[in-house]
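First the structure, then my questions, so here it is.
First chain written, first letter: the chains are A, B, C, D, E and F, and each begins at residue 1.
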Amino acid sequence: MKIGIPREIYEGEKRVAIVPKMATQLLKEGHEVFIEANAGEGAYFTDIEYDRIGAIIVENAQLLYSEVDVIMKVQPPQREEVEMMRDSSIYIGFLSSVLDDEFLNLINKKSITSFAMEFIPRISRSQSMDALSSMASIAGYRAVLIAAQHLGKFFPLMMTAAGTIPPAKVLVVGAGVAGLQSIATARRLGARVEAFDTRPAVREQVESLGAQFIEMELVADAETATGYAKEMTEEFMKKEREIIGERAAQNHVVITTAQLIGKKAPTLITEEMVERMQEGSVIIDLAAEQGGNCEITEPGKNICRHGVTICGVLNLPSTLPIDASAMYSRNITQFFKHLYNGENRKLDFEDKITKSSCVTHNGEIVNDYVRNAIRKGANT
Amino acid sequence: MIEPLLVSVYIFVLAIFVGFETITKVPPLLHTPLMSGTNAISGITLVGALISAGAGHSSLSTVLGLLAVIIATINVVGGFMVTDRMLEMFKKGKKKD
Amino acid sequence: MNIIIALAYLLSSILFILGLKNLGSPKTARRGNQLAMSAMLIAIIVTLTKNEILDFTYIIAGLIIGSAIGVIIARKIQMTAMPQMVALFNGLGGGASALVALAEYNRLTGEPRIDVIISMVVSLFIGAVTFTGSLVAFGKLQGLIRSAPVVFKAQRFFNISLFILFLIIGIIVIINPANSTGLLTILAIALILGVLFVMPIGGADMPVVISTLNSCSGLAAAATGFVLSNNILIICGALVGASGFILTRIMCKAMNRSITNIVFGSAGTATTNNSNNDKRKVVSYTEEDASIMLESAQTVIIIPGYGLAVAQAQFALQELVTILINKSINVRYAIHPVAGRMPGHMNVLLAEANVSYDLLFDLGDINDDFQNSDVVLVVGANDVVNPSARSDKDSPLYGMPILNADQARSVIICKRSLSPGYSGADNDLFYLDKTQMIFGDAKESINAIIKLLKA
Amino acid sequence: MKIGIPREIYEGEKRVAIVPKMATQLLKEGHEVFIEANAGEGAYFTDIEYDRIGAIIVENAQLLYSEVDVIMKVQPPQREEVEMMRDSSIYIGFLSSVLDDEFLNLINKKSITSFAMEFIPRISRSQSMDALSSMASIAGYRAVLIAAQHLGKFFPLMMTAAGTIPPAKVLVVGAGVAGLQSIATARRLGARVEAFDTRPAVREQVESLGAQFIEMELVADAETATGYAKEMTEEFMKKEREIIGERAAQNHVVITTAQLIGKKAPTLITEEMVERMQEGSVIIDLAAEQGGNCEITEPGKNICRHGVTICGVLNLPSTLPIDASAMYSRNITQFFKHLYNGENRKLDFEDKITKSSCVTHNGEIVNDYVRNAIRKGANT
Amino acid sequence: MNIIIALAYLLSSILFILGLKNLGSPKTARRGNQLAMSAMLIAIIVTLTKNEILDFTYIIAGLIIGSAIGVIIARKIQMTAMPQMVALFNGLGGGASALVALAEYNRLTGEPRIDVIISMVVSLFIGAVTFTGSLVAFGKLQGLIRSAPVVFKAQRFFNISLFILFLIIGIIVIINPANSTGLLTILAIALILGVLFVMPIGGADMPVVISTLNSCSGLAAAATGFVLSNNILIICGALVGASGFILTRIMCKAMNRSITNIVFGSAGTATTNNSNNDKRKVVSYTEEDASIMLESAQTVIIIPGYGLAVAQAQFALQELVTILINKSINVRYAIHPVAGRMPGHMNVLLAEANVSYDLLFDLGDINDDFQNSDVVLVVGANDVVNPSARSDKDSPLYGMPILNADQARSVIICKRSLSPGYSGADNDLFYLDKTQMIFGDAKESINAIIKLLKA
Amino acid sequence: MIEPLLVSVYIFVLAIFVGFETITKVPPLLHTPLMSGTNAISGITLVGALISAGAGHSSLSTVLGLLAVIIATINVVGGFMVTDRMLEMFKKGKKKD
């Protein structure tokens, strides 16, 4: 097939959907790869490199979109991008954040077959396609570096002739993929780390990384069948905030990663809790995109309140463009190979991965989850 | 005439101690060879059989002795050889290069 | 002349002791066996020069016939049939002792010394028990007799009764040595007891039984020594008796069973149907086996998993690797992309333990090398080595690439139990013949292996 | 004595010379501590804290200077600050960068007794006063964080379902205090590190931190008696640049720390060498203050040339203000205690530390090194 | 009756063996000694009931006098005087053997058996050598004789000549047992040889000498056993002879010297002035001592230094700490502010090994606790524990605060040599009496200690 | 009449083996107590002395025997007690609490 990689136009996005190494793989499988000029620039992949391995450099997006069968992207397509797509072409990339009625109508009108990376189910054999995990992992790593940059203290313990500097204390709330990576990175840097999560299974994982798990009565069925966290009762949340507030005042860095799939992130840190924290402390809110776990987070901004720096970080993976592109492009390549692996490169809707991840096909919404959500939206 | 017995008992007891002390920690892979080796050693009863067989008293004794010699010899010869084969294999596995 | 013989016997005894000592350690075992051989040769030659021996015809004949049979058996036998061979030889040794006792009884003249008669009865009894017991063990291992425990009701009671009967008749014979019927009755009882003793024991426990019988045959030889007032028989017999006892204990410990449990486990309890059925069998090995496997390997691949993190065994593991590398063994880590519970989990762990990156290989780079590696050491990993991912469409792991641990020559797995990993899927790898399971916390197991490798 | 801590007016300086903990110590010894309002602000020490322990908050600098006997500062005093000082008062702090004829005349006119932290000799008993070491140590740590922030790659090796990400490779040139700390921090983060230095003694130290030492014929007497590096011959430098150039092309991050006491930093990286480096690489030039080890470093700026980001970092210790202040203030307190420890708090010019560190006293230059340098400067 | 005596002797022998075995391990040593005591008691009582004994007067008198003296000496003696006590007792044991040999010789009637006479000569000779040798050792240790080696020219030649003389006279006596002058000459030679044997050996090597003489006194007892055809004497004598030999070898190894080197080191080489002068002495201990010290401590403080980094011993060290903590020993790390070669060097290292921060204490926080700690383990540190920093104005370290390792009850130092640290200053700590130096790479030393603690 | 000697030799050799095997690895702190303990054991010569002293032959023998009994007793009694004292001290160091 003809695969096209447009340059990402989303602001600040430095990743590219396919890096030269993966382009080579696709070419080997008999596909053609078209790439927009300078698409890899943000991640330091030059056109020369793509050219060398046999990809075709296309001067501008218009030309690219009109040429190819499959579009692979990182950020969900913006309206103008969808408009450039050919009828009945295929889109693969992140998608969920733009999925509204209007958008769906638009792509269904063009009969575009679209796949959302977010909807790939979390089963064992799909792990190599799981871009949420790989990107979360980057976010977790980056979060600690940002925290270390903003904190006016050493992370590690230092016993020196100029006095003993105690280690920074880091609290990680939400020990999913990103949270665990934050724990690991902060521990690498020598910080004391404690962590909290609502899912009981996480305790052992947190401890396996050498961090302390914060005690609280956990909820047995805090996990959905797919491994994501469920929404908690307000009573539970109140108790949780109490405990977090108390712990946050003892720590220098708080990294929050709590997310609920498809929902606004739970508010775990109120302004009053921020006030109680030590001057010079830092909060990294990885849930900023979903509204933030901290009440006063301003997505995309670093603000300073009550002596505490609160970073509403957005799109962290893009700040590690080289490796983020490498990982994402491996995910998407594996995914694509899985989708169109048959003799005649036909989709198999019997397959769980294909079925769950496909959003529209032949002008229709084929994804149950999206259909339900849209219907619900229409009803209210 | 009890003296010789007592001496034998002394020797027996001391030998038991030696036996207890010599074998202390044997890795499982050596269990079979060691068993086979000690089994061959216990074929020392062949010495007794030789004396019996060679004593030349009654013919019954001699026949019994002969039988004893045969099976004790099988035990000794076979036992040592088999042990050696096992240990040889073990050595080889160790230094293949 | 007598002095020389006595001194030669003494030399032989010393060589036997040294031989036995050397047999107990992997590095010297072969030399030990050879020492014991020469000791035996000396003992035989000395005996032949003894003036007690009057007639050499039968002796020479016996020696030739016996040697021929021994050599043929030893040569022909397959390595896999070793255990039954040991059982067979052992039976012959016991039989020989019994026969010598009978012959000596037959030779008795006048009023024999009481200690001689006691020794004779003991020698006869133990020798005969060893004889039939070993033969039954041989039969079970060779597949001639049903390997499963054969038990009848009240067997334990019957055995004990028989044993008491033996004691009574024994005393009678000792009081009246001329009572040859008594002696033959003892022989019969012993032969029956030997069978009854081993029949109820399952095939898997045979090694312990053989070891016990081996110890017995040593004691029989010692008893023969008492009969003949022959020191070398006493010394060797005692040596074998004692070391056999120790070995039995070691083996029981390795199997995590007690000897009484093995011997009396099923006997007399015919109701319990000991489940030695053909279900999938897991062999639990010890750290000692693992250490020997690792030490004799040329290439070792280590597969760490989530359990390594739980056990925090990374430091110990790396210490082990360093030791192996110092023994010029080629050691590498195979890191599965999803081992652990977060991307790069294993990397964090191993970085903590300062493992050089050069030792880490990812799935793609190492998966073809498993078939050429001697040992794979799986530490707290499970799903990532589960072969069902390759073929079993119903497995939750189906389709996930796995590390080909099952292709290595042998596999050592350190985990606490047979319980499944994250996916919940049962793992066929555990049940392979070439797999050695080492149960226990990974850190403790690895530390134990380290200790053994350093010893 | 009356000790005064002015607010640092040097741009971007966030440290404070005395933190509350050390102020307490001075007070305990019977001194009075005066501190300018908001002096601790940059390092998150509030006036309230100082007040609580018994220090006197002074509204403005003018008032402070006129009140106290001893001025303790971080940055060398600017002209206006000197002018505010009382006659015959005492100055303790960094100094060497402002020591020119004019400045010396100025303070000598006022008969100010001045001590330079930089001139404290590096002997065993002075280690607790050694601010160069403590600040270098912070710089080394910070340098790695900055590198990690600018590098589009993970530092640690990551073997994940989305592919294996090789570790970042870091080259540290100059393994003094800062260099060693960089090595340690980069290693903590999981990078592969190699290092180079001209002093042979350093090899073992580099290896003791788990990094590789780069082979090159070293110079036996590369070290002065005080432990600093000597200047090398041009021939040696050429060879060194060759080797560094070759290694730099293999590494993702280069951290340079090579300094020669009192001289311009040696040029170790030329533009041509930068060109040969991989796109996306990062150079952190810790010697930027002394002109930089990299030819094209622009002190105080991050520039991007040939795809390589070059950070001419300045005053890194100030970016870790909390701990930097804590360490510096411990150094200066120990130093002060040492200087004025006698019964009648008199200086002992027999003492090596006092002698070496004192620049001016009673209206005269008392420091041999400075006198020689000034004389030489006057001659040329 | 005889059977009972023989069996009692046998029991006593078994108890002696068990006692000896238990004496060899720290945990059971005391029980071992008690077992040996009861064995001795049995042996004595049995002997007294023997019908060989005709007259009890002297026996009772002797036992009472001997016991009284023994008890008094054992009670009064200071712990520090133990080595010379052992030497003294040992000499007495040897002397007793010699006396018994003389007494038995005196009792000889008719043509004695050759083996008895040989045994007698051997017993007399060894006993007498042990007697004077031990007394000289006692004298040296007690300070009655110059502890330094006393050597005269051609001493070795003289010793050998004397020994040959003994052999010749010995053969003469054996051939003609009635030659009592010969026997007395042998006694004289032996007494002289004992003196000559020990005089040339320096005080520091005395323990090895005593151990050797102890082994000899065992052999003398065995020889006495041959004289009296008494098995328990033979068994105990052989036991002591053999175990004494092994112990001598172990001690030589611990002192890193060979036995020949000690015995013949200075003898006959009067020219060399063996430098046992009063220079500062360093005692090199083994990892075994360290492991025992650590195990029996309640509080241990660990001081890491630059050598820890060089040896990359942080992982091993932390393993050791974990083991000690598991034995409920209070273990802390004392981190000197400038340990290593960069600020926080130790922190980086220990963080690598995942040492909990709670275990780390800086100088100010822990320096007062040293005086209350049992053991300080210094691993590759030097300058930071150098007491000269406190007082010696000429030391380059003068004025630097140091960790008060020297105030602890005992100090174990792991480093490779006596060479100085960064500052180049010599370290008095190494020469303290309470300091145990363990030379070698820190990682290897620590690993060895770990192995011993786990054993 | 050589037999008893030979038996003694057997016993001697076996006991030597037992002695060799029982003591294998002794930590230096135990060296002195062990030496002292074995020294006390070698005081077994007291048994010989008792026989000599009690034989009641010539008076010289008796005197020699008496002397032997005295010094052997000192060796035994003193040796065991001193060993016990040492070991007791050692124990205490171990469990101070």
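Structure notes:
Operating definition for what follows: a residue touches a chain if its C-beta (ideal position, glycine included) is under 8 Å from a C-beta of that chain, and two chains touch if they have at least 3 such contacts.
The shown structure was predicted, so the numbers you read here are calculated from the model rather than taken from an experiment.
Using the contact threshold fixed earlier, the set of chains in contact with both chain B and chain D is C, E. Annotation: the chain C:chain E pair of sequence copies touches via predominantly the same residues, more than half of the used numbers being shared. Centre-to-centre, using mean CA coordinates, chain E is 17 Å away from chain F. We define each chain's centre as the mean of its Cα atoms; on that basis chain B and chain F are separated by 35 Å.
Distance from the chain D centre to the chain E centre is 57 Å, each centre being the mean of its Cα atoms.
We define each chain's centre as the mean of its Cα atoms; on that basis chain A and chain E are separated by 69 Å.
Touching of two or more other chains is recorded for residues 127-128, 133-134, 137, 156, 158, 160-163, 165, 188, 190, 210 of chain D.
Chain B has residues 2, 7, 10-11, 13-15, 17-18, 22 in contact with two or more other chains.
Each of residues 17, 231, 235, 312, 337-338, 343-344, 348, 351-352, 354 in chain C touches at least two other chains.
Of all possible chain pairings, those that touch are A-C, A-D, A-E, B-C, B-E, B-F, C-D, C-E, C-F, D-E, E-F. Touching chain D in their complex are the following residues of chain C: 335-338, 343-344, 346-348, 351, 354, 357, 360, 362, 364. Considering their complex, residues 156-167, 190, 192, 210 of chain D touch chain C. Interface residues of chain A, counted against chain D in their complex, comprise 14, 43-44, 46, 127-128, 130-131, 133-134, 137-138, 141, 145-146, 148-149, 152-154, 156, 158, 160-163, 165, 185, 188-190, 279-280, 307, 319-324, 326-328, 330-331.
Considering their complex, residues 306, 309-310, 312, 337-338, 340-345, 348, 351-352, 383, 389, 396-401, 423 of chain E touch chain D.
The touching residues of chain C, counted against chain E in their complex, run 312, 315-316, 318-319, 352-354, 447, 451, 454-455.
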